[in-house]
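Below: one structure in C-alpha coordinates.
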Amino acid sequence: MVESMVEHEIQIRVRYSETDAMGFLHHGSYVNYFENGRIELNRALGGDYRAVEEGGLFLVVVKLEIRYASPARFDDLLTLTTQVASISPAKFMHEYVLKRDNTLIATAKTTLACVDRSGSIRRIPDDVRKLVDAGDE
Amino acid sequence: MVESMVEHEIQIRVRYSETDAMGFLHHGSYVNYFENGRIELNRALGGDYRAVEEGGLFLVVVKLEIRYASPARFDDLLTLTTQVASISPAKFMHEYVLKRDNTLIATAKTTLACVDRSGSIRRIPDDVRKLVDAGDE
Amino acid sequence: MVESMVEHEIQIRVRYSETDAMGFLHHGSYVNYFENGRIELNRALGGDYRAVEEGGLFLVVVKLEIRYASPARFDDLLTLTTQVASISPAKFMHEYVLKRDNTLIATAKTTLACVDRSGSIRRIPDDVRKLVDAGDE
Amino acid sequence: MVESMVEHEIQIRVRYSETDAMGFLHHGSYVNYFENGRIELNRALGGDYRAVEEGGLFLVVVKLEIRYASPARFDDLLTLTTQVASISPAKFMHEYVLKRDNTLIATAKTTLACVDRSGSIRRIPDDVRKLVDAGDE
(Lines give C-alpha, C1' and ligand atoms only; values in the text may rest on other atoms or scores of the structure.)
Protein backbone atom coordinates (compact mmCIF):
# COMPACT_ATOMS: atom_id res chain seq x y z
CA MET A 1 0.00 0.00 0.00
CA VAL A 2 1.61 3.26 -1.13
CA GLU A 3 0.39 6.69 -0.06
CA SER A 4 -0.16 9.21 -2.78
CA MET A 5 -1.01 12.90 -3.01
CA VAL A 6 -2.11 13.08 -6.63
CA GLU A 7 -5.17 15.30 -6.74
CA HIS A 8 -7.41 17.12 -9.21
CA GLU A 9 -10.12 19.75 -8.96
CA ILE A 10 -13.28 20.07 -11.10
CA GLN A 11 -16.29 22.34 -11.05
CA ILE A 12 -19.78 20.83 -11.11
CA ARG A 13 -23.02 22.74 -11.62
CA VAL A 14 -25.97 21.16 -9.77
CA ARG A 15 -28.58 20.07 -12.33
CA TYR A 16 -32.31 20.43 -11.76
CA SER A 17 -32.77 16.69 -12.36
CA GLU A 18 -30.38 15.97 -9.48
CA THR A 19 -32.44 17.81 -6.87
CA ASP A 20 -35.28 16.30 -4.86
CA ALA A 21 -38.56 17.40 -3.31
CA MET A 22 -36.71 18.65 -0.22
CA GLY A 23 -35.31 21.32 -2.55
CA PHE A 24 -31.72 20.06 -2.27
CA LEU A 25 -29.25 18.02 -4.29
CA HIS A 26 -30.40 14.41 -3.69
CA HIS A 27 -27.96 12.44 -1.53
CA GLY A 28 -27.66 9.78 -4.25
CA SER A 29 -26.51 12.29 -6.88
CA TYR A 30 -23.26 12.88 -5.01
CA VAL A 31 -22.11 9.39 -5.97
CA ASN A 32 -22.10 10.39 -9.63
CA TYR A 33 -20.11 13.53 -8.86
CA PHE A 34 -17.40 11.50 -7.16
CA GLU A 35 -17.30 9.14 -10.15
CA ASN A 36 -16.79 12.16 -12.41
CA GLY A 37 -14.03 13.36 -10.11
CA ARG A 38 -12.18 10.05 -10.50
CA ILE A 39 -12.59 10.04 -14.28
CA GLU A 40 -11.34 13.61 -14.66
CA LEU A 41 -8.43 12.97 -12.30
CA ASN A 42 -7.47 10.01 -14.48
CA ARG A 43 -7.82 12.11 -17.65
CA ALA A 44 -5.67 14.88 -16.13
CA LEU A 45 -2.96 12.29 -15.45
CA GLY A 46 -3.02 11.24 -19.11
CA GLY A 47 -5.17 8.13 -18.64
CA ASP A 48 -8.21 7.03 -20.62
CA TYR A 49 -10.67 4.97 -18.60
CA ARG A 50 -12.71 4.06 -21.68
CA ALA A 51 -9.60 2.43 -23.16
CA VAL A 52 -9.05 0.42 -19.97
CA GLU A 53 -12.59 -0.99 -20.26
CA GLU A 54 -12.11 -1.72 -23.95
CA GLY A 55 -9.08 -3.77 -22.87
CA GLY A 56 -11.37 -5.93 -20.72
CA LEU A 57 -10.55 -4.55 -17.28
CA PHE A 58 -12.90 -2.60 -15.05
CA LEU A 59 -12.36 -0.55 -11.93
CA VAL A 60 -15.37 -1.29 -9.74
CA VAL A 61 -16.36 0.44 -6.53
CA VAL A 62 -16.24 -2.03 -3.63
CA LYS A 63 -16.65 0.46 -0.79
CA LEU A 64 -18.13 3.94 -0.56
CA GLU A 65 -18.46 6.28 2.40
CA ILE A 66 -20.01 9.75 2.28
CA ARG A 67 -20.41 12.33 5.05
CA TYR A 68 -22.90 15.06 4.18
CA ALA A 69 -22.06 18.38 5.82
CA SER A 70 -24.35 21.02 4.24
CA PRO A 71 -27.04 20.81 1.57
CA ALA A 72 -26.45 22.02 -2.00
CA ARG A 73 -29.15 23.50 -4.21
CA PHE A 74 -30.06 23.63 -7.88
CA ASP A 75 -27.63 25.76 -9.89
CA ASP A 76 -24.97 25.85 -7.17
CA LEU A 77 -21.48 25.78 -8.65
CA LEU A 78 -19.52 23.26 -6.60
CA THR A 79 -15.81 22.46 -6.47
CA LEU A 80 -14.82 18.83 -6.14
CA THR A 81 -11.27 17.86 -5.19
CA THR A 82 -10.42 14.22 -5.87
CA GLN A 83 -7.28 12.63 -4.52
CA VAL A 84 -5.72 9.18 -4.84
CA ALA A 85 -5.21 8.44 -1.14
CA SER A 86 -3.38 5.14 -1.58
CA ILE A 87 -2.86 2.30 -4.01
CA SER A 88 -2.26 -1.43 -3.54
CA PRO A 89 -1.70 -4.10 -6.25
CA ALA A 90 -5.45 -4.52 -6.86
CA LYS A 91 -7.06 -1.52 -5.16
CA PHE A 92 -7.29 2.26 -5.41
CA MET A 93 -8.40 4.44 -2.49
CA HIS A 94 -9.73 7.89 -3.38
CA GLU A 95 -10.77 10.77 -1.13
CA TYR A 96 -13.09 13.61 -2.09
CA VAL A 97 -13.91 17.07 -0.78
CA LEU A 98 -16.97 18.85 -2.20
CA LYS A 99 -17.37 22.57 -1.47
CA ARG A 100 -19.42 25.61 -2.48
CA ASP A 101 -16.90 28.46 -2.06
CA ASN A 102 -15.73 27.98 1.53
CA THR A 103 -18.73 25.92 2.66
CA LEU A 104 -18.04 22.22 3.04
CA ILE A 105 -20.82 20.23 1.33
CA ALA A 106 -19.49 16.67 1.73
CA THR A 107 -16.44 14.48 2.08
CA ALA A 108 -16.17 10.93 0.78
CA LYS A 109 -13.91 7.93 0.38
CA THR A 110 -14.09 5.11 -2.13
CA THR A 111 -12.19 1.86 -2.65
CA LEU A 112 -11.98 0.54 -6.20
CA ALA A 113 -10.91 -2.94 -7.20
CA CYS A 114 -9.68 -4.02 -10.61
CA VAL A 115 -11.68 -6.92 -12.10
CA ASP A 116 -11.98 -8.65 -15.46
CA ARG A 117 -15.20 -9.37 -17.32
CA SER A 118 -15.87 -12.45 -15.17
CA GLY A 119 -15.60 -10.35 -12.03
CA SER A 120 -12.31 -11.90 -10.86
CA ILE A 121 -9.88 -9.59 -9.07
CA ARG A 122 -6.91 -8.60 -11.26
CA ARG A 123 -3.74 -6.57 -10.76
CA ILE A 124 -4.19 -2.93 -11.69
CA PRO A 125 -2.47 -2.56 -15.10
CA ASP A 126 0.99 -1.02 -14.87
CA ASP A 127 0.14 1.86 -17.20
CA VAL A 128 -2.75 2.85 -14.93
CA ARG A 129 -0.59 2.60 -11.78
CA LYS A 130 2.24 4.45 -13.46
CA LEU A 131 0.01 7.49 -14.01
CA VAL A 132 -0.52 7.84 -10.30
CA ASP A 133 3.12 7.24 -9.42
CA ALA A 134 4.29 9.72 -12.05
CA GLY A 135 1.74 12.30 -10.97
CA ASP A 136 3.01 11.96 -7.44
CA GLU A 137 6.61 12.98 -7.96
CA MET B 1 -47.81 -2.38 -40.13
CA VAL B 2 -50.29 -4.36 -38.05
CA GLU B 3 -52.49 -2.83 -35.37
CA SER B 4 -52.50 -4.51 -32.00
CA MET B 5 -54.41 -4.19 -28.74
CA VAL B 6 -52.09 -6.12 -26.46
CA GLU B 7 -51.86 -4.19 -23.21
CA HIS B 8 -50.64 -4.53 -19.65
CA GLU B 9 -51.05 -2.57 -16.43
CA ILE B 10 -48.50 -2.04 -13.67
CA GLN B 11 -48.41 0.00 -10.46
CA ILE B 12 -45.48 2.33 -9.79
CA ARG B 13 -44.74 4.08 -6.51
CA VAL B 14 -43.01 7.47 -7.02
CA ARG B 15 -39.57 7.34 -5.37
CA TYR B 16 -38.07 10.25 -3.48
CA SER B 17 -35.01 10.18 -5.75
CA GLU B 18 -37.29 10.72 -8.76
CA THR B 19 -38.72 14.01 -7.53
CA ASP B 20 -37.19 17.43 -8.10
CA ALA B 21 -36.95 20.76 -6.29
CA MET B 22 -40.36 21.79 -7.66
CA GLY B 23 -41.75 19.08 -5.38
CA PHE B 24 -42.96 16.89 -8.26
CA LEU B 25 -41.90 13.78 -10.12
CA HIS B 26 -39.15 15.05 -12.46
CA HIS B 27 -40.23 15.04 -16.11
CA GLY B 28 -37.24 12.87 -17.03
CA SER B 29 -38.21 10.11 -14.58
CA TYR B 30 -41.32 9.31 -16.63
CA VAL B 31 -39.10 7.87 -19.36
CA ASN B 32 -37.93 5.13 -17.00
CA TYR B 33 -41.51 4.32 -16.03
CA PHE B 34 -42.48 3.78 -19.66
CA GLU B 35 -39.44 1.54 -20.13
CA ASN B 36 -40.60 -0.53 -17.13
CA GLY B 37 -44.07 -0.69 -18.67
CA ARG B 38 -42.65 -2.20 -21.89
CA ILE B 39 -40.50 -4.71 -20.02
CA GLU B 40 -43.39 -5.87 -17.83
CA LEU B 41 -45.74 -6.08 -20.82
CA ASN B 42 -43.17 -8.30 -22.52
CA ARG B 43 -42.79 -10.44 -19.41
CA ALA B 44 -46.58 -10.79 -19.09
CA LEU B 45 -46.66 -12.08 -22.69
CA GLY B 46 -44.08 -14.72 -21.80
CA GLY B 47 -41.05 -12.91 -23.24
CA ASP B 48 -37.68 -12.30 -21.66
CA TYR B 49 -35.98 -9.13 -22.83
CA ARG B 50 -32.70 -10.00 -21.12
CA ALA B 51 -32.52 -13.18 -23.22
CA VAL B 52 -33.09 -11.13 -26.41
CA GLU B 53 -30.07 -8.96 -25.52
CA GLU B 54 -27.97 -11.99 -24.65
CA GLY B 55 -28.78 -13.20 -28.20
CA GLY B 56 -27.18 -10.04 -29.60
CA LEU B 57 -30.29 -8.06 -30.51
CA PHE B 58 -31.45 -4.86 -28.87
CA LEU B 59 -34.69 -2.95 -29.00
CA VAL B 60 -33.67 0.71 -29.02
CA VAL B 61 -35.93 3.72 -28.66
CA VAL B 62 -35.79 5.84 -31.82
CA LYS B 63 -38.67 8.18 -31.03
CA LEU B 64 -40.33 9.29 -27.81
CA GLU B 65 -43.22 11.66 -27.22
CA ILE B 66 -44.66 12.56 -23.82
CA ARG B 67 -47.57 14.84 -22.93
CA TYR B 68 -47.61 15.82 -19.27
CA ALA B 69 -51.14 16.42 -17.96
CA SER B 70 -50.87 16.76 -14.15
CA PRO B 71 -47.94 16.58 -11.75
CA ALA B 72 -47.26 13.54 -9.58
CA ARG B 73 -45.66 13.69 -6.14
CA PHE B 74 -43.41 11.56 -3.95
CA ASP B 75 -45.14 8.41 -2.72
CA ASP B 76 -48.03 8.65 -5.20
CA LEU B 77 -49.13 5.21 -6.36
CA LEU B 78 -49.53 5.45 -10.14
CA THR B 79 -51.07 3.06 -12.66
CA LEU B 80 -49.32 2.70 -16.00
CA THR B 81 -51.07 1.03 -18.92
CA THR B 82 -48.73 0.01 -21.74
CA GLN B 83 -50.05 -1.07 -25.10
CA VAL B 84 -48.40 -2.31 -28.30
CA ALA B 85 -50.06 0.10 -30.74
CA SER B 86 -48.61 -1.40 -33.91
CA ILE B 87 -45.76 -3.51 -35.22
CA SER B 88 -43.81 -3.51 -38.48
CA PRO B 89 -40.94 -5.86 -39.54
CA ALA B 90 -38.33 -3.77 -37.69
CA LYS B 91 -40.34 -1.48 -35.41
CA PHE B 92 -42.64 -1.57 -32.39
CA MET B 93 -44.96 1.29 -31.50
CA HIS B 94 -46.12 1.48 -27.86
CA GLU B 95 -48.63 3.81 -26.22
CA TYR B 96 -48.78 4.62 -22.51
CA VAL B 97 -51.33 6.08 -20.13
CA LEU B 98 -50.16 7.06 -16.64
CA LYS B 99 -52.81 7.82 -13.99
CA ARG B 100 -53.23 8.40 -10.26
CA ASP B 101 -56.72 6.98 -9.62
CA ASN B 102 -58.85 8.86 -12.16
CA THR B 103 -56.41 11.73 -12.66
CA LEU B 104 -54.48 11.62 -15.91
CA ILE B 105 -50.78 12.24 -15.22
CA ALA B 106 -49.32 11.71 -18.71
CA THR B 107 -49.67 9.95 -22.03
CA ALA B 108 -46.79 8.86 -24.22
CA LYS B 109 -45.78 7.09 -27.42
CA THR B 110 -42.51 5.39 -28.30
CA THR B 111 -41.10 3.78 -31.42
CA LEU B 112 -38.52 1.02 -30.93
CA ALA B 113 -36.27 -0.40 -33.61
CA CYS B 114 -34.49 -3.73 -33.53
CA VAL B 115 -30.71 -3.45 -34.01
CA ASP B 116 -27.67 -5.70 -33.63
CA ARG B 117 -24.49 -4.89 -31.72
CA SER B 118 -23.16 -2.82 -34.62
CA GLY B 119 -26.33 -0.71 -34.61
CA SER B 120 -27.63 -2.05 -37.94
CA ILE B 121 -31.41 -2.39 -38.24
CA ARG B 122 -32.57 -6.01 -38.02
CA ARG B 123 -35.92 -7.80 -38.37
CA ILE B 124 -37.66 -8.23 -35.02
CA PRO B 125 -37.10 -11.92 -34.08
CA ASP B 126 -40.13 -14.11 -34.79
CA ASP B 127 -40.42 -15.31 -31.19
CA VAL B 128 -40.68 -11.70 -30.03
CA ARG B 129 -43.27 -10.83 -32.69
CA LYS B 130 -45.21 -14.02 -31.99
CA LEU B 131 -45.77 -12.96 -28.37
CA VAL B 132 -47.59 -9.85 -29.50
CA ASP B 133 -49.61 -11.66 -32.15
CA ALA B 134 -50.57 -14.43 -29.73
CA GLY B 135 -51.47 -11.96 -27.00
CA ASP B 136 -53.72 -10.20 -29.45
CA GLU B 137 -56.15 -13.01 -30.16
CA MET C 1 -47.09 33.24 -31.02
CA VAL C 2 -43.83 34.91 -32.02
CA GLU C 3 -41.00 33.13 -33.81
CA SER C 4 -37.55 33.49 -32.35
CA MET C 5 -34.01 32.55 -33.30
CA VAL C 6 -32.32 32.94 -29.94
CA GLU C 7 -29.94 30.02 -29.51
CA HIS C 8 -27.11 28.81 -27.31
CA GLU C 9 -24.54 26.02 -27.47
CA ILE C 10 -23.10 23.98 -24.62
CA GLN C 11 -20.75 21.00 -24.37
CA ILE C 12 -21.77 17.95 -22.35
CA ARG C 13 -19.51 15.04 -21.39
CA VAL C 14 -21.42 11.73 -21.15
CA ARG C 15 -21.16 10.44 -17.57
CA TYR C 16 -20.70 6.80 -16.70
CA SER C 17 -23.84 6.90 -14.54
CA GLU C 18 -25.86 8.00 -17.58
CA THR C 19 -25.01 4.93 -19.66
CA ASP C 20 -26.92 1.65 -19.62
CA ALA C 21 -26.19 -2.05 -20.04
CA MET C 22 -26.43 -1.69 -23.83
CA GLY C 23 -23.22 0.33 -23.53
CA PHE C 24 -24.83 3.59 -24.66
CA LEU C 25 -26.14 6.80 -23.15
CA HIS C 26 -29.55 5.78 -21.75
CA HIS C 27 -32.44 7.31 -23.71
CA GLY C 28 -33.84 8.86 -20.53
CA SER C 29 -30.61 10.76 -19.78
CA TYR C 30 -31.13 12.95 -22.86
CA VAL C 31 -34.04 14.65 -21.12
CA ASN C 32 -31.69 16.04 -18.48
CA TYR C 33 -29.30 17.32 -21.16
CA PHE C 34 -32.09 19.28 -22.83
CA GLU C 35 -33.08 20.74 -19.47
CA ASN C 36 -29.47 21.88 -18.98
CA GLY C 37 -29.55 23.39 -22.46
CA ARG C 38 -32.59 25.51 -21.55
CA ILE C 39 -31.08 26.63 -18.24
CA GLU C 40 -27.78 27.63 -19.84
CA LEU C 41 -29.58 29.42 -22.70
CA ASN C 42 -31.51 31.39 -20.10
CA ARG C 43 -28.33 32.17 -18.17
CA ALA C 44 -26.58 33.31 -21.38
CA LEU C 45 -29.49 35.72 -21.97
CA GLY C 46 -28.99 37.19 -18.50
CA GLY C 47 -31.83 35.30 -16.81
CA ASP C 48 -31.78 33.39 -13.54
CA TYR C 49 -34.22 30.51 -13.42
CA ARG C 50 -33.66 29.92 -9.71
CA ALA C 51 -34.86 33.49 -9.04
CA VAL C 52 -38.00 32.87 -11.13
CA GLU C 53 -38.83 29.86 -8.92
CA GLU C 54 -38.09 31.81 -5.75
CA GLY C 55 -40.68 34.30 -7.02
CA GLY C 56 -43.30 31.55 -7.05
CA LEU C 57 -43.45 30.81 -10.77
CA PHE C 58 -42.33 27.62 -12.47
CA LEU C 59 -41.72 26.71 -16.08
CA VAL C 60 -42.98 23.14 -16.41
CA VAL C 61 -42.56 20.83 -19.37
CA VAL C 62 -45.97 19.97 -20.83
CA LYS C 63 -44.76 18.27 -24.00
CA LEU C 64 -41.54 16.56 -25.00
CA GLU C 65 -40.53 14.91 -28.25
CA ILE C 66 -37.15 13.27 -28.92
CA ARG C 67 -35.85 11.61 -32.08
CA TYR C 68 -32.78 9.46 -31.46
CA ALA C 69 -30.46 9.32 -34.49
CA SER C 70 -27.22 7.64 -33.33
CA PRO C 71 -26.09 6.27 -29.99
CA ALA C 72 -23.64 8.14 -27.75
CA ARG C 73 -21.17 6.44 -25.42
CA PHE C 74 -19.51 7.06 -22.08
CA ASP C 75 -17.00 9.91 -22.22
CA ASP C 76 -18.25 11.26 -25.57
CA LEU C 77 -18.07 15.04 -25.69
CA LEU C 78 -21.37 16.21 -27.16
CA THR C 79 -22.49 19.61 -28.40
CA LEU C 80 -26.04 20.67 -27.62
CA THR C 81 -27.64 23.61 -29.41
CA THR C 82 -30.78 24.92 -27.72
CA GLN C 83 -33.07 27.39 -29.44
CA VAL C 84 -36.24 29.21 -28.41
CA ALA C 85 -38.41 28.26 -31.39
CA SER C 86 -41.43 30.36 -30.43
CA ILE C 87 -43.13 32.03 -27.51
CA SER C 88 -46.78 32.67 -26.64
CA PRO C 89 -48.21 34.48 -23.57
CA ALA C 90 -48.01 31.33 -21.42
CA LYS C 91 -45.77 28.95 -23.39
CA PHE C 92 -42.19 28.55 -24.60
CA MET C 93 -41.25 26.20 -27.43
CA HIS C 94 -37.60 25.07 -27.54
CA GLU C 95 -35.76 22.99 -30.15
CA TYR C 96 -32.57 21.04 -29.56
CA VAL C 97 -29.85 19.50 -31.71
CA LEU C 98 -27.37 17.13 -30.03
CA LYS C 99 -24.22 16.19 -31.97
CA ARG C 100 -20.84 14.50 -31.53
CA ASP C 101 -18.65 16.39 -34.01
CA ASN C 102 -20.62 16.07 -37.25
CA THR C 103 -22.65 13.04 -36.19
CA LEU C 104 -26.25 13.80 -35.28
CA ILE C 105 -27.13 12.09 -31.99
CA ALA C 106 -30.67 13.42 -31.44
CA THR C 107 -33.10 16.24 -32.04
CA ALA C 108 -35.87 17.28 -29.67
CA LYS C 109 -38.67 19.74 -29.03
CA THR C 110 -40.24 20.79 -25.76
CA THR C 111 -43.17 22.98 -24.79
CA LEU C 112 -43.00 24.70 -21.39
CA ALA C 113 -45.91 26.35 -19.62
CA CYS C 114 -45.68 28.93 -16.86
CA VAL C 115 -47.56 27.92 -13.69
CA ASP C 116 -47.79 29.12 -10.09
CA ARG C 117 -47.43 26.96 -6.98
CA SER C 118 -51.02 25.74 -7.29
CA GLY C 119 -50.36 24.56 -10.84
CA SER C 120 -52.56 27.24 -12.48
CA ILE C 121 -51.38 28.56 -15.84
CA ARG C 122 -49.88 32.07 -15.57
CA ARG C 123 -48.53 34.61 -18.05
CA ILE C 124 -44.79 34.29 -18.56
CA PRO C 125 -43.25 37.18 -16.54
CA ASP C 126 -42.25 40.15 -18.71
CA ASP C 127 -38.62 40.07 -17.59
CA VAL C 128 -38.34 36.45 -18.74
CA ARG C 129 -40.00 37.22 -22.09
CA LYS C 130 -37.91 40.34 -22.56
CA LEU C 131 -34.71 38.27 -22.42
CA VAL C 132 -35.79 36.29 -25.44
CA ASP C 133 -37.00 39.35 -27.36
CA ALA C 134 -33.80 41.24 -26.60
CA GLY C 135 -31.62 38.28 -27.51
CA ASP C 136 -33.42 38.08 -30.81
CA GLU C 137 -32.52 41.50 -32.17
CA MET D 1 -28.93 5.65 22.02
CA VAL D 2 -31.32 2.70 22.05
CA GLU D 3 -30.74 -0.50 20.09
CA SER D 4 -33.60 -1.71 17.96
CA MET D 5 -34.39 -4.78 15.87
CA VAL D 6 -37.27 -3.42 13.83
CA GLU D 7 -36.81 -4.64 10.28
CA HIS D 8 -38.66 -4.90 6.98
CA GLU D 9 -38.09 -6.71 3.70
CA ILE D 10 -38.95 -5.52 0.18
CA GLN D 11 -38.35 -6.86 -3.30
CA ILE D 12 -36.78 -4.62 -5.94
CA ARG D 13 -36.53 -5.39 -9.65
CA VAL D 14 -33.39 -3.88 -11.25
CA ARG D 15 -34.48 -1.37 -13.92
CA TYR D 16 -32.71 -0.99 -17.24
CA SER D 17 -32.17 2.72 -16.55
CA GLU D 18 -30.28 1.81 -13.35
CA THR D 19 -27.62 -0.25 -15.14
CA ASP D 20 -24.42 1.11 -16.64
CA ALA D 21 -22.10 0.36 -19.54
CA MET D 22 -20.30 -2.28 -17.47
CA GLY D 23 -23.55 -4.25 -17.74
CA PHE D 24 -24.29 -4.06 -14.01
CA LEU D 25 -26.51 -2.11 -11.64
CA HIS D 26 -24.67 1.24 -11.29
CA HIS D 27 -23.14 1.70 -7.83
CA GLY D 28 -25.05 4.97 -7.38
CA SER D 29 -28.45 3.31 -7.92
CA TYR D 30 -28.08 1.35 -4.69
CA VAL D 31 -28.52 4.57 -2.72
CA ASN D 32 -32.07 4.92 -4.06
CA TYR D 33 -32.86 1.31 -3.12
CA PHE D 34 -31.82 1.91 0.47
CA GLU D 35 -33.97 5.05 0.55
CA ASN D 36 -36.93 2.96 -0.64
CA GLY D 37 -36.15 0.42 2.06
CA ARG D 38 -36.37 3.10 4.76
CA ILE D 39 -39.62 4.50 3.37
CA GLU D 40 -41.28 1.10 3.16
CA LEU D 41 -40.06 0.16 6.65
CA ASN D 42 -41.66 3.35 7.93
CA ARG D 43 -44.89 2.62 6.04
CA ALA D 44 -44.97 -0.94 7.42
CA LEU D 45 -44.72 0.52 10.94
CA GLY D 46 -47.74 2.73 10.25
CA GLY D 47 -45.79 5.92 9.52
CA ASP D 48 -46.19 8.35 6.64
CA TYR D 49 -42.99 10.13 5.68
CA ARG D 50 -44.80 12.51 3.33
CA ALA D 51 -46.87 13.74 6.27
CA VAL D 52 -43.70 14.33 8.31
CA GLU D 53 -42.34 16.57 5.54
CA GLU D 54 -45.66 18.37 5.22
CA GLY D 55 -45.29 19.13 8.93
CA GLY D 56 -42.00 20.90 8.21
CA LEU D 57 -39.53 18.29 9.39
CA PHE D 58 -37.13 16.33 7.22
CA LEU D 59 -35.02 13.27 7.85
CA VAL D 60 -31.78 13.92 5.98
CA VAL D 61 -28.94 11.49 5.36
CA VAL D 62 -25.78 12.73 7.10
CA LYS D 63 -23.69 9.60 6.63
CA LEU D 64 -23.78 6.71 4.19
CA GLU D 65 -21.57 3.65 3.90
CA ILE D 66 -21.94 0.91 1.28
CA ARG D 67 -19.93 -2.29 0.79
CA TYR D 68 -20.47 -3.85 -2.62
CA ALA D 69 -20.10 -7.65 -2.56
CA SER D 70 -21.32 -8.94 -5.96
CA PRO D 71 -22.72 -7.19 -9.03
CA ALA D 72 -26.43 -7.20 -9.88
CA ARG D 73 -27.80 -7.13 -13.41
CA PHE D 74 -30.82 -5.78 -15.27
CA ASP D 75 -34.02 -7.61 -14.34
CA ASP D 76 -32.55 -9.26 -11.25
CA LEU D 77 -35.13 -9.54 -8.50
CA LEU D 78 -33.40 -8.43 -5.31
CA THR D 79 -34.43 -8.66 -1.66
CA LEU D 80 -33.62 -5.71 0.56
CA THR D 81 -33.82 -6.02 4.34
CA THR D 82 -33.86 -2.68 6.17
CA GLN D 83 -33.41 -2.46 9.91
CA VAL D 84 -33.41 0.41 12.41
CA ALA D 85 -30.10 -0.33 14.11
CA SER D 86 -30.34 2.38 16.75
CA ILE D 87 -32.03 5.66 17.55
CA SER D 88 -30.92 8.75 19.50
CA PRO D 89 -32.92 11.96 20.19
CA ALA D 90 -32.02 13.47 16.80
CA LYS D 91 -30.63 10.55 14.76
CA PHE D 92 -31.68 7.25 13.20
CA MET D 93 -29.18 4.56 12.25
CA HIS D 94 -30.34 2.04 9.62
CA GLU D 95 -28.62 -1.09 8.32
CA TYR D 96 -29.33 -2.78 5.00
CA VAL D 97 -28.69 -6.17 3.42
CA LEU D 98 -29.29 -6.55 -0.31
CA LYS D 99 -29.39 -10.08 -1.76
CA ARG D 100 -30.30 -12.01 -4.91
CA ASP D 101 -31.51 -15.33 -3.52
CA ASN D 102 -28.60 -16.41 -1.32
CA THR D 103 -25.99 -14.21 -3.01
CA LEU D 104 -25.01 -11.15 -1.02
CA ILE D 105 -25.05 -8.08 -3.29
CA ALA D 106 -24.31 -5.32 -0.77
CA THR D 107 -24.57 -4.19 2.82
CA ALA D 108 -24.97 -0.59 3.92
CA LYS D 109 -25.44 1.74 6.87
CA THR D 110 -26.95 5.21 7.00
CA THR D 111 -27.32 7.86 9.66
CA LEU D 112 -30.27 10.24 9.35
CA ALA D 113 -30.72 13.47 11.25
CA CYS D 114 -33.98 15.31 11.81
CA VAL D 115 -33.89 18.94 10.59
CA ASP D 116 -36.39 21.73 10.03
CA ARG D 117 -36.72 23.84 6.87
CA SER D 118 -33.80 26.04 7.92
CA GLY D 119 -31.56 22.99 8.27
CA SER D 120 -31.34 23.19 12.09
CA ILE D 121 -31.18 19.90 13.96
CA ARG D 122 -34.47 19.03 15.70
CA ARG D 123 -35.65 16.26 18.00
CA ILE D 124 -37.20 13.36 16.09
CA PRO D 125 -40.99 13.77 16.58
CA ASP D 126 -42.44 11.45 19.22
CA ASP D 127 -44.92 9.84 16.84
CA VAL D 128 -42.04 8.86 14.52
CA ARG D 129 -39.95 7.48 17.42
CA LYS D 130 -42.96 5.69 18.86
CA LEU D 131 -43.36 3.66 15.66
CA VAL D 132 -39.91 2.19 16.09
CA ASP D 133 -40.34 1.54 19.80
CA ALA D 134 -43.74 -0.10 19.28
CA GLY D 135 -42.45 -2.22 16.40
CA ASP D 136 -39.64 -3.40 18.62
CA GLU D 137 -41.65 -5.09 21.37
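Here are a few things to note about the model shown:
So that you can tell them apart, the chains are marked A, B, C and D in the order they are listed, and the count of residues begins at 1 in each.
The definition used in the following text is that a residue touches a chain if its C-beta (ideal position, glycine included) is under 8 Å from a C-beta of that chain, and two chains touch if they have at least 3 such contacts.
Remember, it's a predicted structure, so these values are computed and weren't measured experimentally.
Chain centre most remote from that of subunit C: D (centre = mean of CA atoms).
More inter-chain C-beta contacts link the pair B-C than the other of B-C and A-B.
Note on chain placement: the centre of subunit A and the centre of subunit C lie 28 Å apart, centres being C-alpha means. For the pair subunit B and subunit C, the distance between C-alpha centroids works out to 24 Å. Separation between the centroids of subunit A and subunit B, computed from CA atoms only, is 34 Å. Looking at subunit B, residues 16-17, 21, 24, 28, 31-32, 35, 73-74 sit in touch with two or more other chains. Across the complex, subunit A meets subunit D through its residues 21-22, 24, 27-29, 31-32, 35, 53, 58, 60-68, 70-71, 119.
Listed in rising order, the residues of subunit B touching subunit D in the complex are 15-17, 31-32, 35-36, 39, 49-50, 73-75. The residues of subunit B lying in touch with subunit A in their complex are 16-17, 19-21, 23-24, 26, 28, 73-74.
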